[in-house]
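The next part holds the structures, each set out as structure tokens.
Consider the two complexes below, in which subunit A is the common component and subunit B and subunit C are the respective partners.
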Partner chain A sequence: MASAKGIFCESCKEKRASIKRPKTGQPLCQECFFAVFEEEVHQTITQNGLFNKGERVAIAASGGKDSTVLAYIMKLLNERHHYGLDLFLLSVDEGITGYRDDSLESVRRNRDQMGIPLQIVSYSQLYGWTMDAIVRQIGMKNNCTFCGVFRRQALDRGALLLKADKIVTGHNADDIAETVLMNVLRGDIARLQRCTHIITGSDGAIPRSKPFKYSYEKEIVMYAYFKKLDYFSTECVYSPNAYRGHARTYLKDLEAIRPSTIIDIIYSGDSLSVKAEIKLPVQGTCSRCGYISSQELCKACVLLEGLNRGLPRLGIGKANGSNLKEHIKKLQLKEERERESLRGEKEGELEEERVKEDQLVYGGCKEERGLKCSCGHKTDTLSLQTENISLEF
Partner chain B sequence: MCSVNEDEVQEVISSPPPLNLDQVCMKCNSEKAVTIARTKDPFCRACFDQYFTHRFRSTFGKSRLIRQGEEVLLAFSGGQSSRVLLHLVQEGLSEHAVKRLRFTPIIIYIDEGVVYGYASERQKSLLKEVSGIIAQTQFPGYFTKLEEVFTGARVWPISDAVLSAGSEQRSKLAAPDPTSSISQGEMPGEVKLKQLFDSLKSSTAKEDMLQSLRRQLLVDIAAKYFNTGKILVGDNATRLSVRLLGNIAQGRGGTIPLDTGFCDNRSDVMVLRPLREFPDSEIASYLTLHQLQSVDASSDHSLPGSSGHSIEGLTASFVHSLQSNFSSTVSTIFRTSDKLQLSEDLVHSGQCCPLCQAPCEESFNEEVFSHVSTSGNNKLLCYVSSHSIGCRLTARGTVHENILELLLKDDSGGSNEL
Partner chain C sequence: MPLSVEIEFSGGAELLFNKIKKHKIELPDKMGVANTWTIRDLIGWIKENLLCERPELFVQGESVRPGILVMINNIDWDLVGGLDYVINNNDTILFISTLHGG
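Showing the complex of A and B:
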């Protein structure tokens, strides 16, 4: 952001440049920077056909910089270019004290400042667990797995409540480039293939798109700063994640060498092609909750089951893909054995455990204990949940 | 943004176990282990050799690309990997080999001294060392210079280098003697090459250019002098992992299968990578166990006149540091390349980048990807619109756009005549 004295804006050639654009290195004045940034997002939206007229669009809002700028820009472009969209803010309350409660406050302020209605869905309503409670169970490691898996479903459920046709998220170019690198480092070919798609989940689930696919994080921060947008900028208290951190550092170093690298990585990701003979997981639906899943049970249900049975590590770690089922079986066997050995001594406790097992809680429908959980039918679940959720308009 | 599976990575891997001298070979269960391969398996000397040779052979065998008695060009830089490659081929062709390899190798060395800015003494002594190694193998050996990519891709028998190093006078007798030219001042090709590299500002661009030129020269030589369709190179798993990540970072994702696969068939002459299964550590073990000397011509030197890190250099140190903490890093990255193919768009594009010769897309959406988009300023990027994106990025680093154009024109003209 070197203020270049005496250098003129490369776009209007009238005003003095006040910004060196991170993506291109061009000197620009503030107004032209805004114009270029907004125009790029507009181009991204129209060229990729992200929306149709009259659609209801839920903006996933965390209160952070990306989603705040996204909400602002969506509203701006919607009015400027007559997209004809109904916009909503959609927030997920993971139940993280000292982080989400504060950031939700800034989402509420955005709601008032921008005049976009807000819907909040919470983990405790949907799953019966807050992240705070989960972290007490599992510890600081691996808790991001829960949060990430649960959030995905939570957003979809929130969007269903809003009767939204589309969800937009604030993932920026840096995030996507980083994910490409992560998937290469992990050898996750299925995700590598789809992680740069601008629209995902068009089969079955509510389509999601990323209007900031080509927007640099640095420019988003700049935009928010110069527009004096109200956002929340604290790291999640549970977030430290070593491995992703490596990829992040590497990406930032690359950007320093050649700023276009971020977009080049996305271009690479888009032009990758997976061999036809490579087996990719087939998308089906979860037999328990009906959500899209490549396994018999979706990840959220496996994780929930683990939590509710006091086996929080179920579904975490090496067991992925095809051997997940075996993993669960193994765990069950192990549990069985442990029980055998305990049988003699602790008859009473065993009984208690059995009762606990019967009380599996899914999708927040605790009321239905012992009966077949209604999550099998999405609408039923939702009608059940809406009672607890107030629309905040 | 939280991701879901990072824990998998964290749990699978721990740092490689140090070699415990009490360990017994995991294969024969009788001999003492002397080295660790495949991240954690202890091997005795004999079993390691067997494993190594078998893997080398099977990489060849699977491809079924080399026919009986075929002449094959083997690119020898003197570095560790190509030293191992040379040794493996030598062993495979020797009398006592269990199942002899069936091809006939011709060894070629490229003198890249001009690019690295070596003094002529250093260039000569390197050439002498390399020649010595090649001469020991009894295979026909030749050498060339990188600048030959502009001047008809000539080669000289390695014996010339040995002789001329012995006595300066004799070299003048042979008509197109290359070693003498070093002292006779710069030839046009040399000037061109220097100009080209001076005009590339970033070290990333220089390294990328070096790779393209090297490849082009090898292909030209193979076709022109030896009439062979195959070149063996010593790229190992570690280097290919670095290249894969580096290529992704340079927008070359689409051509990863060509750049890191066993067979690179972008041109009529195929480039084969028979060492692609072996990481650095196993290459080093092989060298030590066989007491092979390598000549490090380039690895200890960065290209002169470039500022800061290159993408490739940064990627290499990133992969190495990850590898030391998570020992399956290289194999994981590397396996990714096995699962990729050239996209349909590229296969049918019919367009080739004149620089790296990889197929490239006809319609590249600059508006969205670009680095550009400020209206009226679209010239920042591609002035050479038919280049692959990776080469456009490299070309963008040139000070004088015309130099690159000029060189390319000369060069493609030359190779078309073949």
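Showing the complex of A and C:
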């Protein structure tokens, strides 16, 4: 059998290796692993021009492994390579008892240990609703839609408070490969095209980037372990996320057979280009809160309207600002009918996931995919005309 | 002689073990031909004796589920034989989940 003493670090050839690097299979000692991991992130940052000197950068911090390591690395690289950035931790408090409380504690420890100032924005502050209250109102179905829409905006609002020029998130290579897979499985060409972009938000929102785009999740976890970084690990109590879970399992099985799979999938996504013009909604601003929106009311305001009127379905699916009244009427009818029959409809998780993703990007339902808004409202947003689309590799 | 071994779970793997991170265990003498414990045997033992819920989130086949890292005395198990590593008295074996939270 292999002995525990034998293998030396392939890089320095002096110390004993303690890691078989997931990305390359190289045996490395701790120090050499830290060095290559940090250098790769630095290369990703510089080659993609993620930051400019003097910028204020908000690190989206959940207290989990990715954002904890990201905060640590951002601080380290900023000092080592003189990026000249002002760094901030930015956390969203969704108001989920027992989940967010604990993870915010972990973010506070990061603040103290790393010496990076922290800004917390909460759903209750911004919207007057905690996730706990929303779930009490709408049940466990669709709650991730609310969570997703609200979180996205909350991060932007927090970044505005910080006067941040950029937001960075801890999305890693595995996350991105998984999203590529899901978009392939759903045939969602428009999202497929965008989901590997390292910078998003050129449409008026604060630009967001992913310095860990090429960093394997395994390496992030190993880095945190050897650096003894303190992070919080659990699942959101309200998020079953089954479809994503299957894609993840599939990806992990592929990775076990061939570790380069993750990077290969990202490269495939990167080199995909879609020729046809895809009609994207024109960006304007929400007439109520001023947030960027392609509709008269932004997604968060529509969802809030529904919550406050006791019509939580409003905004699940297509809710066009201009047809809001008609939409509300239909929903009221529908809610009434349902109260009478009291039958809990069980839609597939896949559909729910799709609806959720659609909302985040297009703010609309897509009948073409067999999806209908819960009110039966017609869709007028993005329609994918598959026959006009050609894939180029 | 029974082996005394320290087992640790972290990164969310502990959630499957009543949130207990450290377990001091004794692996009994095997009466059969091969009187040794490998990591493969240990994973089977954990499944039978320690795992509290949803075994499919920890075990896959005779190994751990892909996405769970195994460190033996602070060294990546892939460098010391993986499933075939023969456990010594007082070894520390750590299972880290990479699958929880972001």
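In the analysis below, the second predicted complex is superposed on the first by the 296 of 393 C-alpha atoms of A that agree within 3 Å, B and C clash if a C-alpha of one lies under 4 Å from a C-alpha of the other, contacts with A are read in each partner's own complex, and residues count from 1 in each chain.
Quick note on the criterion: a contact is a pair of C-beta atoms (placed from the backbone, for glycine too) under 8 Å apart; a residue touches a chain by one contact, two chains touch by 3 or more.
These numbers come from a predicted model, not from an experiment.
Judged by the number of subunit A residues each one touches, B leads among subunit B and subunit C. Of the two partner chains, subunit B is the only one that A:Ser260 touches; subunit C does not reach it.
Shared-chain residue A:Ala17: touches subunit C; no touch with subunit B. When both complexes are overlaid on chain A, the residue A:Asp175 reaches subunit B and subunit C alike. When both complexes are overlaid on chain A, the residue A:Lys218 reaches subunit C alone and has no touch with subunit B. In the three-chain superposition model, subunit A touches both subunit B and subunit C at residues 171, 175, 253. Residue ranges on subunit A touching subunit B, taken from their complex, read 10-11, 21, 23-24, 26, 28, 32, 36, 39-40, 43-44, 47, 141-142, 144-145, 147-149, 151, 171, 175, 178-182, 184-189, 192, 214, 236, 239, 241-244, 246, 250, 253-254, 257-261, 263-276, 278, 299, 316-318, 320. Considering their complex, residues 1-12, 202, 204, 244-245, 247-254, 256, 308-311, 314-315, 318, 322, 326, 329, 332-333, 335-336, 339-346, 361, 365, 367-377, 380, 389, 393 of subunit B touch subunit A.
Residue ranges on subunit A touching subunit C, taken from their complex, read 1-4, 7, 16-20, 27, 62, 64-67, 103, 170-172, 175, 217-218, 220-222, 225, 231-235, 248-249, 252-253, 255-256. Across the complex, subunit C meets subunit A through its residues 10-12, 15, 65-67, 69, 71-76, 78-81, 84-86, 96-102.
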